[in-house]
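Take a look at the structures listed below.
Look for subunit A in each of the two complexes below; its partner is subunit B in the first and subunit C in the second.
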Partner chain A sequence: MVDLTRAQESPAFPAVARPTVAWGRPKPGFFGLLLLSVTVFYIFLPMIAVFLYGLATTWTNHVTPDGYTLAHWRDSLADGRFRVVLGRSLALAIGTAVLDLLLVTPAVYWQRVRNPRIRPVIEILAAIPFSVPYAVIAFGLLPLSGTYAPSLQGTLWLLLPAHAAVAFSFAYWAIDSSMAASNVVGLSEAARTCGANVATTLTRVILPNIMPGLASGAVLAFGVSFNEVALVQILCGNRFETVPLYTLNLLKSTDADFNSLAVMTGITFAITLVLSVLVVSLNKGRAAAGGTTDAKGAPA
Partner chain B sequence: MSTITIEHVSKRYGDKLALDDVSLNVHSGELIALLGSSGCGKTTLLRAIAGLIDPSAGRILFDGRDVTAVPTRMRPIGMVFQSYSLFPNMTVRQNIAFPLKVRGQSTAAIARRVDELLALIGLGEWADRHPSQLSGGQQQRTALARALAPDPAVLLLDEPLSALDAVVRLHLRDEIRRIQQSIRTTALLVTHDQSEALAVADRVVVMRQGRIEQLATPASLYETPTTAFSASFIGNRNALNLPVRDGRIRLCGTIEIATALTTPRALVFVRSEDVRRSNDASGQAATIENRIFEGSTTRFYLTIPTDDGPLHVKADWPSRETDELRSGDTINVVIDPRDAHVFPG
Partner chain C sequence: MSHHAQATGSGRYTAAARTLSIGERAKALFVDWSLALPLIVMASLLLIAPALSMVWSSFAGEDGHFTLANWAKTFSSAASQHAMENSLLLAATVATLSTLFGTPLSWMISRMARWSRSFHLGILNVAANFSGIGLGFAYVAALGTYGMVTLAFQNVGLGFTGLPQSSFTGLVLAYCYSNVPLFVLLSLPVMSLLRDEWWEAAQTSAATRWQFWRYIGAPVLMPFILADWLLIFTWSAGMYGLPVALVGEKPGAFRLVTVEMYRSLYGSFFGDHRMPVYAVLLMCLAAVSLLTNRWIMRRGTRWLT
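Take a look at the complex of A and B:
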């Protein structure tokens, strides 16, 4: 085998000192690292401050808290209202994620495999939550539900589909891109020629191959619902207090416990951070796994 | 094994007619190659036979039974796709077992059949690998084994070798033929590669614009194409557009072809290997414009002066016998009129 890393001598091309080429990921320089550090500091400084505030006895005259205590975390987690709000938000977000998966997955599969012509319609629907403010959607839902289903007003059963509707876009793009990467049309046709019916095709071929996309979609829908406040406030108000609404109410109250607020913000941020990391890692896994099997892979 | 009868099948996509009144009989145990350029309808025909698309008109029969309205999963077929479409979440063994599992076969029967097929395709050591861990050739063989697993009456192969490199393609081409002959299943192979079609098929269907241009054995198709398109598509032929005068076409010099054509011009096809060198003074003088070494043969681009202007032809000659020839040399060539195929121009 020829050693390509060594300069080969020949009369026509005398050996010259050549720089060693290190193949692979380029290493960041000093300014790159500096920029990265400043960015990370800029993003995390407010969160560090909030986290420290949740642990502070008082924080008045110094750059750092005057003292540290776990009392605010203990009191907040022991507070019945706090736990109910947290539980309610988690339940709503999980419900939204599940509902979106149940609605979006078969719809996108049907569009891709059976009816590609409806794709523009679905894309327009998916763009609505990005282009229309949630408050407008909420004020649109109020008269609509008042006309056709007044009993739903102020209940979870109006809020849940509303959240599912606005989180639909996020679930749609995640699941759709996953189906495209997995070549679901080809897989479905292959399954059909193997004798599989639709249910078998979905459960044993399609869903296992788009699992990262489903997980990403679910996580994104969960995150949208968990952090949404406009729809909650307009459609349900304090009858269905969620974490963002609870935080808002605390801020508005005259005897606001800002340490408790910091605890709640810390928990919300932690959940959002975990979800974000989950999405990134799931998509990384998908990119590494590859979707199709077109003459790629190991050498013959 | 099963016979396939295709009766007046058409498929329309809007204004475009992808299949235009196609009729074909495939005998039991026969391998038919559907050959044509992109968009000629060969894959559409295969997908109609698989039930993946519904014909706009006509019928498809397996062993005389009309299966036109039968869903794909109920048809006795196995299919290999151009991109293989192996299930990435399953190992080689699981991929091959899948059609048997969905048919509700017992675990023992599935294991036995999968082992048989793994031995047939020579992938026993790779049985527990996932498709992403296999080479293109191994994926293709896995796809073939999966298609053969339920012992289908009809095997459909949609350009199964097109994504492979040349060496692997040649090897697997012969392997597909060997396996198809050993199990004697009726098979249809879609390809745009004429050498692949000629090498593996019992009969070749040349398709063009949704219609069957010619159906013949490989040798017959090669030797006696019945249409200008077939002649231009099969073999490396010179296509010469020449005038017809008094029932004769003058190829060059004294070489003439008698013809019954009444058209003012004719398309004359002469295979490049049928343009022969003449070692004596007979024949027609030709100038070598260019030469391209292709291994065992070398292709020569020649110009032959005629009364109607220069005639440009290509000739394939054994490399070992033509080593001394260079561009610019003048040589004598002969063309036997019996080697020419003439069609209206």
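Take a look at the complex of A and C:
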């Protein structure tokens, strides 16, 4: 769920009006069409292979499986370990999303209405998970937690904050641009003129206005956590098996069950697809609103 | 907006500061930062502290004293040199291929009609995000020994036995799966900087398409393309899940920095002197790449707005 949003929200490129007449809109040439179709084919091919493996009875030496069955899906979804892993991953991802909203929203609000000096601090923090590999952060946390908080090692109570920390930058960019678009400073002044305190202003005025940003921030944080494997593996290992770690363990085992792997990968893929669609549709509304208020709401 | 808030806010405090006691000033300072404190404290503990701890470990000997031995040992070991060279070579190859394929794709998509653009962007978005362990398996299912493509080739009589997933070519193919789409998504906003009027003006001056790209298109886009190349390079060098899934513990497999770090988990972890050095190298790469990227973005947009 990572980098698309950052590219779209990069302050260097405020939504430029899309040209309606482009080069007299030429059709892509022969090589252009070839490149496009090869790319689309290349993207779809592994997905089709996964899909077919999830439905195959056996698959020996033909291009397509020998027969089709829904048994793998039924068996996998009935399997205890499979369900635990899936439920655990979903819960962890939801927890990450909620924690990020709780941490990021007040901070961004305060930075906009009270103290602009908060911004550079958060931006530096946000740049770390954006550029430093999660594996490096995980390997750094391992000895640290061993020295200062050994009781947290290998537990959810270290993994959840770690996921929230690496995912927060994506929630931050989404919420920040949403606050810019809905003119939170003006709204806060109006609310305070009417006698509302900070808590009332936040819950009754600001939050309803930045809902699309909150939703898209939550979706992004969810996606980071759900697909993340480095922190899970390094901090918890098999004590806390999530979907990616389960897939990895299955893939590494000598008698890898391709069909069951295909079901899990199919589910991962479906979740990725749903999250992508959500982000795109949430961003569409905001981009339209952001176009008119960007200049006003942009940080000084 | 925030300008206004800043002016009234700080104005009030500086005017009042003369009469406020130290305690009151400390309280005002605390209130100024209060709602952001939980986030700042947590992110510092979980992002900055681990980075510092890796830097410290890379310079700490077994007795806990400062030493350069870890660095010296890492750079003099043939295996580590190999891993570092391979990681850089793989990242450079993937970034270059992503640029070569991604730039024309991005250009085409930026000039598409709305629905067609959304369709292609949707596909690329999913591919860019489908990059971890799942992709590792999907890759094996398509190109492995029993993969769909392998079987298809065998059916038409070609003796193709699957691409070795832990080879350089195999890794490049798998890395490109998410990185080419990522490059397109990164470079797409830049494509709108090339104005259609410029092409019309060039045409009016009897310029050829090649001349337009040579003297207008390439100079305008080049800094941004380089900046995106650098990001893809950095991210590829630091990719963890995919290479661990594809290479893992296989003996004699392609050595990569991140895979070596993974192996240190199962080896003598605390005795391993190389892992922190690798981590610090990846952090330095990230820092240099990010600063260069921001610098290029600032310079590149300065005269275009």
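Just so it is clear, the second predicted complex is superposed on the first by the 244 of 300 C-alpha atoms of A that agree within 3 Å, B and C clash if a C-alpha of one lies under 4 Å from a C-alpha of the other, contacts with A are read in each partner's own complex, and residues count from 1 in each chain.
The definition used in the following text is that a residue touches a chain if its C-beta (ideal position, glycine included) is under 8 Å from a C-beta of that chain, and two chains touch if they have at least 3 such contacts.
The structure displayed is predicted, hence computed values, not measured ones.
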| request: Scan A:G186 for contacts with subunit B and subunit C and give back first, second, both or neither. | output: both
In the superposed arrangement, does A:N209 touch subunit B (first), subunit C (second), both or neither? first
Between subunit B and subunit C, more residues of subunit A are touched by C
**Asked** Looking at the overlay, does A:V121 come into contact with subunit B only (first), subunit C only (second), both, or neither?
**Response** second
| message | By the touch definition at the top of the document, which applies to A:G87: first (subunit B), second (subunit C), both, or neither? | response | neither
>> Tell me the contact category for A:G67 with respect to subunit B and subunit C: first, second, both or neither.
In response: neither
Is A:C194 touching anything from subunit B or subunit C once the two structures are fitted on A? First, second, both or neither.
first
Q. Of the two partner chains, subunit B (first) and subunit C (second), which one does A:V40 touch, if any: first, second, both, or neither?
A. second
Residues on subunit A touched by both subunit B and subunit C 183, 186, 296-297, 299-300
As the complex stands, subunit C meets subunit A at residues 1-6, 9, 31-36, 38-40, 42-44, 46-54, 57, 101, 104-105, 108, 111, 113, 118, 120-142, 146-149, 151-152, 154-155, 177, 180-182, 185-186, 188-190, 192-193, 195-196, 199, 231, 234-235, 237-241, 244-245, 248-249, 258, 261-262, 265, 270, 275-276, 279, 282-283, 286-287, 289-290, 297-298, 300-301
Residue positions on subunit A within touch of subunit C in the complex are 1-4, 7-8, 10, 12-13, 16, 18-19, 21-23, 25-26, 28, 32, 35-36, 39-40, 42-50, 52-53, 59, 61-63, 103-104, 106-107, 109-118, 121-122, 125, 127-141, 143-144, 161-162, 164-166, 168, 183, 185-186, 223, 227-230, 233-234, 244-245, 247-248, 251-252, 258, 261-262, 264-265, 268-269, 272-273, 275-277, 279-280, 296-297, 299-300
Note: in the complex, subunit B contacts subunit A through residues 50-52, 71-74, 77-79, 81, 83-89, 98-99, 102-103, 131-140, 146-147, 150, 156, 163-165, 168
In the complex, subunit A touches subunit B at residues 182-183, 186-187, 189-197, 200, 204-205, 208-209, 289-300
